[in-house]
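Encoded as structure tokens, here's the structure I'll be asking about.
Chains here go by letter, A, B and C, matching the order in which they are written, and residues are numbered from 1 within each.
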Amino acid sequence: MKKMIAATLALVAVIGGLIAWNHQLTAKQSAASSATKTLVIYNWGDYIDPSLITKFEKQTGYQVDYETFDSNEAMLTKLEQGGTRYDLVIPSEYTVQRLKKAGLLRRLDLSKIPNRKNLDSRLLNQAYDPGNRYSLPYFWGTLGIVYNDQLVKQPIKHWNQLWDKRYRNQVMLLDSARDMLAVALITQGQSVNSQKTSVLKRAEKKLQKLSPNVKAVVADEMKLYLEQGEAAIGVAYSGDAAEMMAANSHLHYVVPSEGSNIWYDSFVIPKAAKNVKAAYAFINFMLEPKNAAQNARYVGYATPNRVAKRYLSKKVTSNRAFYPNAKTMRHLQVYQDLPKRVNQTYNDLFLKFKMFVN
Amino acid sequence: MKKFFSLGRLFLALVFFLMYLPIFYLIYYSFSSGSRMDGFKHFSLVHYQTLFADTRMISIVLNTLIIALLAALISTIIGTSGALAINRAKRSRRQLLVLNNILMVSPDVIIGASFLIFFTFLGVQLGFWSVLLSHIAFCIPIVVLMVLPQVRTMPRSLTDAAYDLGASRWQAFSQVTIPAIAPGIRAGFFMALTYSLDDFAVTFFVTGNGFSTLAVEIYSRARQGIDLEINALSTVMFLVSLVLVFIYSRFSVKGKGAAVK
Amino acid sequence: MTKHNFGRLFFTLPYYLWLLLFVIAPLVLIFYQSFLGLDGHLTVQNYLTYARSATYLKMTLNSVWYAFLITAITLMIAYPLAYLIAQLKRRDFWLALMILPTWINLLLKTYAFIGILSQSGPLNALTKALGLGSHQLLFTDAAFVIVAAYIELPFMVLPIYNAIVGIRPSLINASLDLGASRVQTFWRVIFPLTKGGVEAGIQAVFIPALSLFMITRLIGGNRVITLGTAIEEHFLTTQNWGLGSTIGVVLVVAMLIVMLLTDGANAVKKGGKRG
């Protein structure tokens, strides 16, 4: 018992030491931590150049708290439940729509964001937020096909090629009901926002025919797999594709010209935000062309900032895989937030597909 | 006899090698100048430099350690008393044990979501305290599970003898019961530490107001690809724990070991 | 006497409080939610959906089967391991070394496994060098079970180790002195005395293994789908907390059955001994 008490006391001392150390580290922060001085940003992990945050803090005197989430839906739950404050959040487009419907977003006063003029007008005013009343794009991208030219002889250009018998056990899919059914729907000439059960069932049948070719259904880790040559082909987002290609020069990314999904991650300000002024200042700061370009270089995704592209290398901005031409752009479709019941159908069908994939 | 022994040694070596294989693999890449765990570029300490300059990350690590140590300590105390209570309960023992194990069978999202609802319902501010309470909560069952077999195998005669010798209840408890179940308590503490350090989903739901832990940070980086700064951090944490384990064994090995052998 | 009970109550109160607030209250909440449909009305639809669907049936069987497999493999490795560690001179040190890897983040370790098991990884390089060719290791049942067993191993080793260390050497010596062979001593003396530890280990591994997720996707490539994965999806992707809770209730029931089975077997044996 004596030993145990000694151990407990030692432990308490260690904890005390850690608390003191942590306190010292954050001391300069807490000095400024009144609500009007801090800005709480809620974003994906590592989805911003940290030196931009430091620059913003120096320029404006605000103190930035950067909190992270790993999925739109988990973040949504946090915003719905409350109990904590966020001043600026960066959800994907269908989540913007859902947040809007739930009445959780503040209408943007665009006059406070003069730098919005730098944005590419083709990427504004989308169906998920007409007139950009609640959101402004942060990054955007597409859904497409990544393939390894060492393992695939002919370049891949169309979705239907995934079904080719030659690629048995070579294709990696995304673990996302919406994205994978979208692929099947596009090959059948349907909208990616189809709601009819019969249409969706037919899409799932088509997907089932793909299963001999399916090697695995994965998520973020697909990057690792394709970089290491574990599979020849993968269905991936353009942002991930850019990273994969940087790591392995044999990889190529294609947006099929018959159509695909276009996605946006956007700035929004929640209704519960405490420091709206700082949020506006931050959005405006990030839309400054030089800052947007620096951020795009760090993150590696396509920037919606038209002017910022001037500061990026030609090699990047002329890459049709990431900044597609006008013709492909016309065939890209944005996801709409679907009614819960339809969403459920998408998921049930995809779960069934995964369950019986072999 | 001798042959059996060397076979045993071989088995031990193999298992330890396998346990440490992924650890060494990720340590190896922490010295790569690249940005991913594949295709070692060339030797570099750049990720360590990034790490030591990253005060946000260091603060997150400290938060994580504070939560883990506190949660493990408190849940060990509560869990031990729980194990003793379950052992004493004659009729309701099985029911208690089932209740005890519910949090272990529930996936983290369910626990996280229901704790979040619970905390917001009570109006608890999300942050350090809500995270600490949740960690204590999901660490308790594993402590109970580790302590309970020790309590069960403790002969009743041991405490009875203490009473016969005129010991008070507290004396019997502190000088007989606790030493007898000490290995279980220690195991419970370490497993609680493991649970707490690794938890992502529950923490994600119940945290807020600027408080974050390492697991939340790492998981939310998955979309962007986890960079080797995390490998460097894990290497540092691994080495520190290794040194601590070594010191600990130096101190504790004295009395034991030889006597039992 | 009353004073004593008071002290005891004071000691165990936090545990019962925990049971009430963090176990029973969430359980009631989950149970209630499992009867909520997508539109928020009370219904038994979720249970019907679960019971009628071949997908969920297969998933349930999968979960139990893989949890069983993982538990069996960890037990087979953990028992001799714990026994051997207990014979070592600095056994506490070696035991601590066994636990140490569990403090490194799981996602990171899993990424390391992806690197090790991949076709361009060290393992395949080894088999190639030995002239055995390269093999598809990832996305196989074997890889999934091995990585899962890797994660769970310390949870099995610890209670068994404690049980072995708790045996008084005099018992073993007595058995040997009375002419029992080493094997007999093991089966008649050592094993029965460590059964409590084995049971604790089985519970500490099997129960969480029922609801494994994440590595089902990362290592198993979603070729293995367990109930944990389904709950994850219902709570996050579809936001159908009702159906997610229903599967949660199923998991709790599955655990209950397993505990009754292990406990029941015990009771019979104990009864036999007494009789």
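Brief remarks follow.
Convention: a residue touches a chain if its C-beta (ideal position, glycine included) is under 8 Å from a C-beta of that chain, and two chains touch if they have at least 3 such contacts.
Predicted model, so just to flag it, every value in this text is computed and none were measured.
Ranked by distance of CA centroids from chain B, the top chain is A. In this structure, the chain pairs A-B and B-C differ in their number of contacting C-beta pairs, and the larger number is found at B-C. Here the CA centre of chain A is 34 Å from the CA centre of chain C. Averaged Cα coordinates give chain A a centre that lies 33 Å from the centre of chain B.
The geometric centre of chain B is 15 Å away from that of chain C, both derived from CA atoms.
For chain B, residues that reach two or more other chains under the stated contact definition are 37-38, 113, 117, 218-219, 222. Looking at chain A, residues 74, 77, 219, 221, 224, 228 sit in touch with two or more other chains.
In chain C, the residues that reach two or more other chains under the touch definition are 111, 115, 118, 120, 236.
Taken together, the chain B residues at the contact with chain C in this complex read 8-9, 11-12, 15-16, 18-23, 25-26, 29, 37-38, 77-79, 81-82, 84-85, 94, 96-107, 109-111, 113-115, 117-118, 136-137, 140, 142, 145-146, 148-150, 152-153, 169-170, 183-184, 187, 190-191, 193-194, 197-198, 200, 214-215, 218-219, 222, 226, 230-231, 234, 237-238, 241-242, 245-246, 248-249, 252-253, 256-258, 260-261. Considering their complex, residues 38, 55, 58-59, 111, 114-115, 118-121, 138-139, 217-218, 220-223, 225, 230, 233, 236-240 of chain C touch chain A. Within the complex, the chain B residues that touch chain A are 35-39, 54-56, 58-59, 62-63, 65-66, 69-70, 73, 113, 116-117, 119-120, 124-127, 130, 174-175, 178-179, 182, 185, 204-205, 207-210, 212, 216-225, 227.
Considering their complex, residues 4, 7, 11-12, 14-16, 18-19, 21-27, 29-30, 77, 80-81, 84-85, 87, 89-93, 96-109, 111-113, 115-116, 118, 120, 122, 150, 153-155, 158-159, 161-163, 165-166, 169, 193, 196-197, 199-200, 203-204, 207-208, 210-211, 213, 228, 231-232, 235-236, 241, 244-245, 248, 251-252, 254-256, 259-260, 263 of chain C touch chain B.
Here chain A touches chain B in the complex through residues 1, 3-4, 8, 11-12, 14-15, 18-19, 21-22, 25-26, 40, 44-47, 50, 65-70, 74, 77-78, 81-85, 219-221, 223-224, 227-228, 243, 247, 299, going by the rule given at the top.
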